[in-house]
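I have a structure I would like to understand better, so I am pasting it below and will then ask my questions one at a time.
Chain nomenclature is as follows: A, B, C and D, assigned in order of appearance, with residue numbering initiated at 1 for each chain independently.
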């Protein structure tokens, strides 16, 4: 009998119960409905992981009612624990926002491939909660002074861990743009376009955010001939490449799993 | 727990042409080609591994979105995306522990002749444990569950596969989207099926008020998960009364208690599907818990429990 | 919410022979004879009140146990216990607000002739708003869902009721336990039904490992609740494509969002069933929330939304 | 149009959100699996209620997964709040045991008819959590010195509010019997039989507990010609008489709803 070997990208995945350390709310919005929080969990003790990878999470309150785990980027992983940065937008993230310290959540990860780390000027384009993986990215980058973060957001800035990013990695260049109304969008995209152009020849562009934003980045990168990676946020069933519910078409016309072959793809290799 | 006994319960089960360590199989389409789950447990601990539905040629499947979550369940319309039989045999099968745990292929084709061809290709490989015929997929334009809703067509497909399968056991997977599942079950059993798998998904649908679009690009899809367990259990019970061949229960099973409930209703073995998504180590946990739970209920072997439901 | 508008949305709906304040009806068998819920809201606020299934003579129903809880759902095999048409008209109907909210009887009988007799008795009472014909009850030995699974029998029952119903609108309640619900829907529509109700319960089963007995004395029962919502929505959508008469959606609806999803799929009105058990004021809350939610989605009238699903 | 009148037994029922004051565990058992607790809720402010009536309760964690409310006797109702005494035995009661102070639970009640209160020597027979309604009964009885409580239990005594009963109503006579093994049952039943005989001519017998226990009480009451009321614990769907899922056959052969026509029935009027 041949020995059973999982594909490389699956070798290190563990499914664990992790203790909730705390839930830290970030700037409550006036409506009180949409809100963001950091879910801090005990250190999973993984031997390897990469920024841009993610985890699937379940709280016991999901019961049998919520079938799938929920996918969240690794936002910070240090010896004191694993932080996820979460925007409550539905049934699962709301139940996670109500977690109590001491609760056990089920976590499987680290999942997916993660962002490229290259010794180049690197532009990080974050839209909304898309900022989450860039904290981990910047904190673990060998040459953080080569990093530039551009952050577009709709909710107030204090809703997001933007200040945390500045404090954690003071070497990097940061700027933020508050999109207060739909009219602001073209202004923001122009800012992004210029930044991509600036990174076109010798730089690397990374983007994480809503799909329309990623689509815009893809076009701009193509226009300027920039090397760009996009982190996709498709809805996930299993998180491990099995259900084929999260696929995206690559330029060869094949449907590939975002969870196991991504979530990070070279912009020019996928259709969006 | 009805009683405690010191001896250890024995979860083994004998099926036509297959001796299983335990009655726990994976359900097709929910466990990839097996390897996706290799880091969450030992694949060789499973009763059997049923892999994603295979067709003669690779298929790209349906357009996105393909899945939607529903209360205690999910809808899928993957559309049988798969790498085709050839690549499966070359790339995936060698890495699976087929020597110690039967690997079962799930077959999809557009007509009886193509089913035969596919069965022949798979049966020719001595590493294959058995063939499961999917005449009940609600998510494909051609064939699919139409086969499984018509006793005559289901029987024709069964015969075509049996003729091509040589000595490989053949199980036929039935659709619950019928008025009377026993009619199809009997037709398929008479046509020579060695076992029946009950059930495939229920036809369902979900919509998004914000976009006014269906949540699946395919509009309708297959409902699975704990929500459908009562329907699956009823189908298994009805089919077990109607035919003499072993029945493999599937639908909404998420723990060892569910497994024993299906055995109580008459099933020989079970498959774990959507519960694999709830946590990736589900099927391995169930394998571990089953003998302990049997012990707790004073059930020494599955034969002692099977079909003992007092009605 | 897609957009905000200052005007107030209008939830009224017109059905054959019935003008409703809103599309919210109660589902038969889940709201008693109406009065049981009178302390939780104003009955006259409801779109219509569909009462427990009635037969010519009182029925004692099935033996206990009759209900079992399942994931996001429940099974019931009440067996149509009811006080009979005579006592209903004498004791219950007078206390209901039939002047302002249509009261709809749900009819059960063992053959077409008996259905006609029952329909005549009910239609003769001017206080009745409409008749709903139950050809889809899975929990009775005679008739029940067998009628609803066979297009010919369903049509015969429909004709018998229509002939006896005078000018009272007749809605026929369909079973999801069929291979193709549109076949029965078309047969019933052709036989003269004014409206269709989709769906009755799915046939299911649950067992108790400790006692090795079914959880229902009747062994099998009807599955209802949020678990079946995707199946109900699919049936409503399919039937709306197939027939031209209004469809009343029912199955797993538990909030105002669910209601609008059924309207989006093509339903004219809906019924709230098992959700009444989740909390007794559910149906009243939904009535209150509906116009607000419509407003939130920029939907001024239900006609603007109905069947606008982009597929 | 006639005015809409609910049957008398339904007139006062309200469906409310009540705040959880606290969850008080009672004597954890060694296995840690089965345990009892008092769920204390804010005062519902009902105008009328009777001991022996019950409420249906849902915690938000039931979500869409658990369809039915769970039925619990009113164990105590004073201005400081409503106490339910609950034995965790399944999905619903376990989720209730995990309630946090401040949580809102949905409660509908008061439901059912309640026990008769008569100026007679009254024997209260309680099996296990069947003790719950007798606290309220004793505390609200006009002549508590005429009350005698006999309490049979399998878990240790401190698992139940037996001492509370003694403290709250010191006038009544109490005794308890610990059924450690199945062999103890006949001894207990003999004790019960004698007490019923003593209350046969001029007394009233009330019983609440598991069905086999109630069945025994029914037989003994018939044997001695005692007037007895039994409180039944059928599984409930709606709690308000609508679903017909909780019925019991009365001696006329009719199926009547335990939730609305009971849960208390005269022993000789039902088949058990």
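To be clear about the criterion, contacts are C-beta pairs under 8 Å (C-beta built on N, C-alpha and C of every residue); 3 or more make two chains touch, one makes a residue touch a chain.
Note that the structure is predicted; figures quoted are calculated from it, not measured.
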*Pair of chains joined by more contacts [C-beta pairs], A-C or A-B*: A-B
*subunit A to subunit B: how many Å between their CA centres?*
35
*Where subunit B and subunit C are represented by their mean Cα positions, the distance between them in whole Å*: 34
_Can you work out the whole-Å distance between the CA centroids of subunit B and subunit D?_
46
_Quick check on subunit A: which residues sit in contact with 2+ other chains?_
64-65
*For subunit C, what residues touch not just one other chain but two or more?*
71-73, 226
_Topology of the chain contact graph, where touching chains are joined (line, ring, star, complete, other)_ = complete
*Given the complex with subunit B, which residues does subunit D contribute to the contact?*
64-65
_Going by the contact rule set out above, which residues of subunit D touch subunit C in the complex?_
1-2, 4-7, 10-15, 58, 64-69, 106, 108, 234-235, 237-248, 253-255, 260
_So in the complex, the part of subunit B that touches subunit D is made up of which residues?_
71-72
*Could you pull out which subunit C residues touch subunit B in their complex?*
2, 70-73, 75, 149, 177-180, 202-207, 209-214, 219-220, 223, 226-231, 233-234, 237, 252, 257, 260-261, 264-265, 297, 308-311
*Within the complex, which stretch of subunit A touches subunit D?*
61, 63-65, 100
